[in-house]
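Given below, in the form of structure tokens, are the structures.
In the two complexes below, chain A is the common chain; its partner is chain B in one and chain C in the other.
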Partner chain A sequence: MSSQNRYTVTPTVSVLAVMKGRLAGATKGHSLLKKKADALNMRFRQILRKIVETKEEMGKVMKASFFSLAQAKYSSGDFKHTVFDSVDQASVKVRASQDNVAGVKLPKFESVKEGGGAVDSKLGLIGLGSGGKQIQECRKSFMSAIDLLVELASLQTAFLTLDEAIKTTNRRVNALEHVVKPRLENTIAYIKGELDELEREEFFRLKKVQGNKKKHAEAAAAKEAEEAAAAAAQGSGTVANGSGAAGAQQQQQQGDILGVQDADIIF
Partner chain B sequence: MSFGEDTWEMCLFNVKDGFLEGVVRGYKQGLLSTADYNNLCQCETLEDIKLYLTGTDYGPFLANEPSPMHTTSLVDACTRKLVADWRYLRENAGEPLGRFLDYCTYGHMIDNVVLIVTGTLHERDVQELLEKCNPLGMFDAIASLAVAQNMRDLYRLVLVDTPLAPYFSDNLTSEDLDEMNIEVMRNTLYKAYLDDFAAFVHRVGGTTGEVMGELLSFEADRRALNITLNSIGTELTRDDRRKLYANFGLLYPHGQAELAVAEDFDQIRAAMEKCPPYQAIFSRLGLGETQMLDKILYEEEVRQLINTYEQQFHYGVFYAYMRLREQEIRNIMWIAECVAQDQKSRVQDGIVFTF
Partner chain C sequence: MAAPATGEGSLLAMIVDADTATGLLLTGVGQVDIRKRANFLIVDDKTSQARIEEAFKEFTSREDVAVLLINQVIAGMIRHLLDAYNKPVPAILEIPSKDAPYDPSQDSVLQRVRFMFGES
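So, the complex of A and B:
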């Protein structure tokens, strides 16, 4: 188990609980972000398809518009400056708004026609002597071209913003999946390992203590047996007396040992 | 026209104007023929067009054009050819041919004045505006038009010295100068110009008066028709519309009265068809095909212009040469645009063949 890829923590039960909490959070976040990335991707593809469609249409409309400009020029000469001079305010304005996709704010543009009557009547008379119809046709087709252009701009901007957002989200998803989660898992495994180790140590120590106790008890029993044998060898007269005294002494000693041992032994 | 006057004209025309008539008939030979147009239609790029035109009268003017060609530079080069020809004619002209030639260019002069005046009112750069002016309509004082800050000054300081002064003073009051829609003003001036031109050729008389009378009345009628067509659905009232029609022409006065009240294309058509020459034009036009009308009118004009060369000893040929060249430049522009925009299927729609 790699000891590098984990947090430096003290392996305790409380830290383990914290880590487990963090892992649960990371998993939840990961699944949420993954959903967001999927939503963004779906929108991304949609926009892409629309961009392709709009661009193709744009090509057609622009071609038609410039051809109608050529037609207008054919029938009324160069009317550029006349148009320049009869325009005082924009007749098409672009309004920007925001669209929300899975928490990502996408800019959105709309073209708004303004002015109306005043501008129309002024421009309507251009080319009165010759070619007025063609100029109006030309104006109409360029109007539709502008609408498309604004739509395309809106899509392109959304496309770029979305692209950026998708990149960030994917980076987060990957970071959670490949860095944060493994690290947390490693940490948890490490803490668990350490705790197990501690437990085993404790168990071993207990075993040792128990073993020692047994040894002591056996040694004491052997000594007693020896003493008893020696007393029996000295004389049977003093047996009753001696054994009575020895018995009392031994009892007292045993009580002492229990009292001392009590503090250490849990059970 | 008496026999004596006719003979007098034949005897004496060449004394003063014979040389220039020869020159202009020579120029006319340089106009592109149907075969030329067919070849031009086969061109794949603007370079091809340039290459082909280098072999025509436009050659010297196209030779120094830098290589990435644009439609505008092509048209500019062709216009330079017309301007050079015209200048040569004007420099060598005596009276009254000189005045006649001047009259031919007043139309462009009106456009230029209107261009500069509106440009100045919107504070555009004078130099840029001057470049945009039609070179045929240039006059010495044109740059000083930009000096005037309001219309009254403009008239008092500048326009009064130009040949256009009477058109301004007779038809526009100083309030009009400030308030009138620029297009209405342009067409008012143009109407005054056409009336004046018609009166002038009438004074010159003879074959000139006859030939030019026809051409100008066609021009007047065409303008009336165009103004009517283009003013349907705009804020231009009937009375205002009526004021923009010239006071002569085949439609004058009854046809114009009908045009003035026409509200849609069918009414216009009904008004025009009462006049036999226009009945023929409109009969070529299918129902509802307003788009083709322009081309048919151009074709009719070209036919009339070419007919002027059938007669001799008159000034109509000069006017006809200018208009034919202009039509030819329009044709070249159309071909170039079609080639540049990859719309070669439409190329036949805009060409008016001359010869």
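So, the complex of A and C:
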């Protein structure tokens, strides 16, 4: 099991150091990512609560707006075609900015009115004949609805973005915790085991070498002693015999050999 | 994901019925450019679903649209497109219409919010 869930490395001291460094990095990264996930989650909860509130408020505001629209229609007849025809350039726009939460960029919208609003344009003249006041009331009502809608859009976008970011962060945290870290730990354990094994082997080998050396030394000492004993025995023998015949014969042979070798040396 | 056209502000796009359109356009969010391309689609009984789907695709792919407002009734007609849509910008917002009051249980985003609350 442990041999499968680890990196294939050569068990050396330098690789061990590298692996330890990587483990330290993974631990650090894990704790940092966990903090980030916590921060994102906190923000997420806030937004969640706000979305529910704003959605319900939006329901109410839209209802009020439609009521005022009905009032305006009642007082000035059906003016929708006038409205549709007088659409030209948008005076209410959305400005997007960015909010930063723990490195996650959240788009943020806010509505801006340009050029003094619709009063200047043709829209301001609708209902000049009759029911102008109701129409302006209706316009105001829808204006506040738009503000609310834009806020809601911003919240909703933040919600979706955060959701995605939290998912990614959690995935990373889990990957570090359950895949990378165990694997590094296993690798380190493996390398340590192998190094210990090598050390024991080395120790055993040294002992063996030492033992061998001792044996050789003993053997050599024994042989020496034997030779010395033999030489002593021989020496005592010749001395005891008193005849130099054997020694003379040996010397002659040696002389012969030397003579033959001399002839060969010419080459 | 960088917000497009941050400088001069982006538009609100709408796929709504005539009454909602009247109210919203009254505030001055409507825009028709030189090529007669409007940022809103007024849906009535005669509008086909294909036309709505086409408008939805157009508004969600336009660079200058930041928020897309859809009547909940109309959103229900193209629910499959809404569920498949997962970009943060433009944000899609389901709004109530005059005839149909707001029903939170129908909203795809609110469904997820509810799910999160129930889950966590």
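Note that the second predicted complex is superposed on the first by the 196 of 267 C-alpha atoms of A that agree within 3 Å, B and C clash if a C-alpha of one lies under 4 Å from a C-alpha of the other, contacts with A are read in each partner's own complex, and residues count from 1 in each chain.
Keep in mind that, in the parts below, a residue touches a chain if its C-beta (ideal position, glycine included) is under 8 Å from a C-beta of that chain, and two chains touch if they have at least 3 such contacts.
Every value quoted in this text rests on a predicted model; they were computed, and no experiment measured them.
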| item | value |
| --- | --- |
| Touched partner set for A:132, first chain B, second chain C, both or neither | first |
| Touched partner set for A:74, first chain B, second chain C, both or neither | first |
| Chain B versus chain C as contact partner of A:66, first or second or both or neither | both |
| Chain A residues touched by each partner, larger count belonging to chain B or chain C | C |
| Contacts of A:55 with chain B and chain C, given as first, second, both or neither | second |
| Partner chain in contact with A:191 - chain B first, chain C second, else both or neither | neither |
| Which of chain B and chain C A:152 touches, first, second, both or neither | second |
| Contacts of A:84 with chain B and chain C, given as first, second, both or neither | both |
| Which of chain B and chain C A:40 touches, first, second, both or neither | neither |
| Set intersection of chain A contacts, chain C complex versus chain B complex | 63, 66, 70, 80, 84, 121, 126 |
| Chain C residues touching chain A - in the complex, by the definition given at the top | 1, 3-4, 6, 8-12, 18-32, 38-40, 42, 66-67, 69, 86, 88-89, 91-93, 95-96, 98, 101-102, 104, 107, 109-110, 112-113, 116-117 |
| Chain A residues within the chain B interface of the complex | 63, 66-67, 70-71, 73-75, 77-78, 80-82, 84-86, 121-122, 124-134 |
| Chain A - residues contacting chain C, complex | 48, 51-52, 55-56, 58-59, 62-63, 65-66, 69-70, 79-80, 83-84, 87-98, 105, 107, 109, 112-114, 117-118, 121, 123, 126, 135, 138-139, 141-143, 145-146, 149-150, 152-154, 156-157, 159-161, 163 |
| List of chain B residues in touch with chain A within their complex | 111, 114-115, 118-119, 121-122, 124, 129, 132, 134, 181-184, 186-187, 190, 223, 226-227, 229-231, 233-236, 244, 290-291, 294, 330, 333-334, 337-338, 341-343, 346, 350 |
